[in-house]
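After this come two complexes, each holding chain A, first together with chain B and then together with chain C.
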Partner chain A sequence: MSLLAVSNLTKRYRRGDKTIAAVDDVSFHIDPGETLALAGPSGSGKSTIARLVLRLIEPDAGRIDFEGDDFLALRSAALRARRASLQMVFQDPLAAFNPRATVARVLDDPLRIHGIASRTERPRRIAALLERVGLTADLAPRAIHEISGGQRQRVAIARAVATKPSLIVLDEAVSALDVSVRGQILDLLLDLQRQERIAYLFISHDLGVIRAIAHRVVLLDAGRIAESGDACAVIDAPQSAIGKALVAAAPRLNRTTQDAS
Partner chain B sequence: MSPLRRFLRTPEAFAGAILLAALIAMALSASLLFPGDPQAIAGPAMLPPFQDWSLPLGTDRLGRNVLAELFHGARTSLAVGLTAAAAALVVGAVVGTLAGFAGGIVDEVLMRITDAFQTVPSFLLALAFVSVVGPSLGIVVIAIALGTWTGPARVARAEVLSIRERDYVAGARVIGMHPLAIAFREVLPNALPPVLAMSSVIVAAAILTEAALSFLGLGDPNRVTWGGMIAEGRTVLRTAPFLSIVPGIALVLTVLGVYLAGEGIVETTAVRRGLS
Partner chain C sequence: MTALATIRDLTVTYRRDGGEVTALKGINLGIASGERLAIIGESGSGKSTLALAIAGLLPASSAVSGRIEWPGLAHAPLGGRDIGFVFQDPSASLDPVMTAGKQIAEVARTHLGLTWAQAFAKAKHLLERVRLPDPDSALRAFPHQLSGGQKQRVAIAAAIAAGPKLLIADEATSALDTIVQAEIVALIRRLVTEDGMTLLFISHDIALAAELAERIAVFRHGQLVELGTTAQIVGAPTQPYTRALLDAHIGLDAEPLLNRAGLHA
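Up next is the complex of A and B:
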């Protein structure tokens, strides 16, 4: 049985006097420990799907099953408790944290909220989390705005894995990072997935990154699924018009496919 | 340059700080310098200032020491001004945060209540409240706060409306934080700066309102107040104008000091935020 199954998900927004479907009858599933990528041009509905899956916004139609339960039926306390299993990493790691927070507080919150560790035990858990994502424990007392972008994204990943989730949604999580840092973060994500069997819903407009990390890919165009399948197969030989356009627009990718042929 | 140095370099802020420091010193030293009841008779009635050096500012119609009254009045002004302003800021920030963060029907109801309070002039509201409930220090504080919390509430709500769309609020929801914890731990502290920037004006207004209530005889009768002293002096305005002028000047300088120092603080923190 799949970990996450999204069926006929639809979300409409009113713009002026007409409504547009930001997400239009979208269905997909993710298996445990699998990475599914969502790709598509800007405005194709990727972030809206992420927010729907995380119950940050409510859909107009459709169904979301997570860990075998009707996820949309969960309310208040039950939903908050279940959130331990479904985490998120944002694009801009600076905007994703309270500007007043310290690294320790950011990691303390999930441990406290979900009762994962007692007050006395938490500092040790925080140190372990920092080390798990390749940082040192002496970063804990630092303010979030004092550390580098790459360190911040590692802290964001540490926060996401603090509650031992089965699925993490990453919305353009490496897009704002330097190329060298990006590679390190992707390695960290692959390592975490191997060790803890976490599934990823990996949103990116960068097909090169998707090819490197995702098992399967779903291509979106104006809120609808244009194409989906094995990540390498779809990127190497796109069938849909939007798939061809996206591949043509990715220069690095072009070269590798030409070299191969 | 340290914020304190920069603050003290602006002449207005410096003057404000001096005035405020003098006021606080008066309030704190009142019972040390003038122990006992400031409303007790201390000498002959209506002694003009600078005649008797044990009563430097003279005495009032009943022979009470004007300087002692002035010091004890500073205490009342400061106590009422600060507590009323603090109450208004706390209530305003909480109501504004709840309205802005919850949205929907909660927002609608809270903002209608805010509108209702705002349509009544705040002084009338204070006047009516004290007239009905009766004058005491606590009631005067509540009366003043009743008319002033709406400004901070609106500012806090506007700020919260923009903050609640930020990623970090979504992040707090994703880790399962309770909505009230998000509103008060994550959002409210970041919405505070523009609310706190209003505090000097609110403290100054609260001190004036307290004086006006006391002037109308609606202050706490067991305490010396500057408003009460002015009212008292008014009956003998022709023969002893100093009895009204002295507390009047104290009031003006206090309001000016609070306002200037407050603006100075806002200015320096704004500069600091602008630089970082």
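Up next is the complex of A and C:
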């Protein structure tokens, strides 16, 4: 059975006297340990889908099944408990965290809120989480605003994996990173997936990164699914108009020819 | 080719939290008239400081040593007239309560001595040149009524309104989606060619820079690491850092990381 199954999901917004479907009858599924990428131009609905799956907003129609339950039917305590299984990492961790909080505080919150470790146990768990994402325990007392962007995104990933989730929504999670850091973060995500069988809903505008890290891809256009399938197969030979446009627009680095235009 | 600008031993230091941060260290660089030169680097490389220094837009708190000479101009450059600047975020560079037409017309009026009527006619022509779908309504549109790509087209129209010799685009396409980014890059290339402008294209993206620029300067930690033609930098880099940047690019032909990790669902 799928870990996450999204069926006929629809979200409309009113703009003036017009109603716009930001997400229009979208269905897809993610298996345990799988990476599904969502790609599309600005306004195609990919971030709205992320927020719907996280239940940060509610859909107008459709169904979300997560870990075998009707996720949209979960309320209050049951929903809060289930949030441990469904984590998120956004583009800008500085915006996601209180910048003056320490690294230890950011990692302590999920452990405390979800009752994962006792007060005396938590410092040890925090040190282990930092090491798990390639950081050292001496980073714990530092403030979020003092550490580098790459370190901050590792802390965001550590926080996400603290509650042992089955699915992490990654919304442009590597887009703002320097390229030299981006490769390391992608390697970390793959390593965590392999070790802990975490599934990713990986939202990105970068088809190169998607092709490198995702098993399958869903291409969106104006809130609808234009095309979906194996990530390499779709990106290597797109069938839809938007797929062809996205592939054509991706910058190419031709390192073999000496012919500069 | 003649030199438009020559940068000699440029060092820029910012005062920050009581300490000093050196953003650029002893930079020597020539910009040829009419060339498309890309400045690439990661965060903290000094690439945006270089753009601001060339445009004369450094904050007052910065300490500058060295010189920027302008053999290609008969006079000291004036920002807005001789140098057009396009920033990453058009929402921040456009006035939210002024129509697109007026923002462009103001540049033409200030620097070209046109009347408002002439300046608005010029603005309409510029909106056509940057290929806004409906120039007449765009003229009267406020920035919030336009999409991100349309706003950047308006910002480009304002940047070139006075007919500058040099156009500086600082991460001008980084906030746009891939399709709009490709359109804006094509637009910049066309405008620069048509008007014979010199282009300084500042970017973190070496692949994007290589598609547009004739020469590439690679910056790291405030220093110029390597400078060469695009073919040299991309095809035969001499510096390990340049090679590392090229290796870090994940293109559509890259070996999937999943295969390497032995992960297939």
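One rule holds in what follows: the second predicted complex is superposed on the first by the 252 of 261 C-alpha atoms of A that agree within 3 Å, B and C clash if a C-alpha of one lies under 4 Å from a C-alpha of the other, contacts with A are read in each partner's own complex, and residues count from 1 in each chain.
Here is the rule we go by: contacts are C-beta pairs under 8 Å (C-beta built on N, C-alpha and C of every residue); 3 or more make two chains touch, one makes a residue touch a chain.
Keep in mind it's a predicted model, so treat the numbers as computed, not measured.
Using the contact criterion defined above for the overlaid structures, shared-chain residue A:I49 touches neither chain B nor chain C, since it reaches no partner.
In the superposition on chain A, A:L139 contacts neither chain B nor chain C.
Shared-chain residue A:L220: touches no atom of chain B or chain C.
Counted by residues of chain A touched, the larger count belongs to C, out of chain B and chain C.
In the superposed model, A:V179 lies in contact with chain C only, and not with chain B.
When the two structures are aligned on the shared chain, A:N98 is found in touch with chain B, with no touch to chain C. After overlaying the two complexes on the shared chain, residue contacts for A:C232 are found with chain C alone; chain B is out of touch.
By the document's definition of touching, of the two partners only chain C reaches A:E34; chain B does not.
Within chain A, no residue touches chain B in one complex and chain C in the other. Those residues of chain A that touch chain C in the shared complex are 31, 33-35, 41-42, 149, 178-180, 182-183, 186-187, 190-191, 193-194, 205-209, 211-215, 231-232, 235-236, 245-261.
Those residues of chain B that touch chain A in the complex are listed here as 166-168, 170-178, 186, 189-190.
Of all residues in chain A, only 51, 54, 56, 80-81, 83-84, 86-88, 90, 92, 95-100, 109-110, 113-114, 159, 163 touch chain B in the complex they form. Interface residues of chain C facing chain A in the complex, by the touch rule stated above, are 42-43, 147-148, 176-182, 204-208, 210-211, 214, 229-231, 234-236, 244-246, 248-252, 254-258, 261-265.
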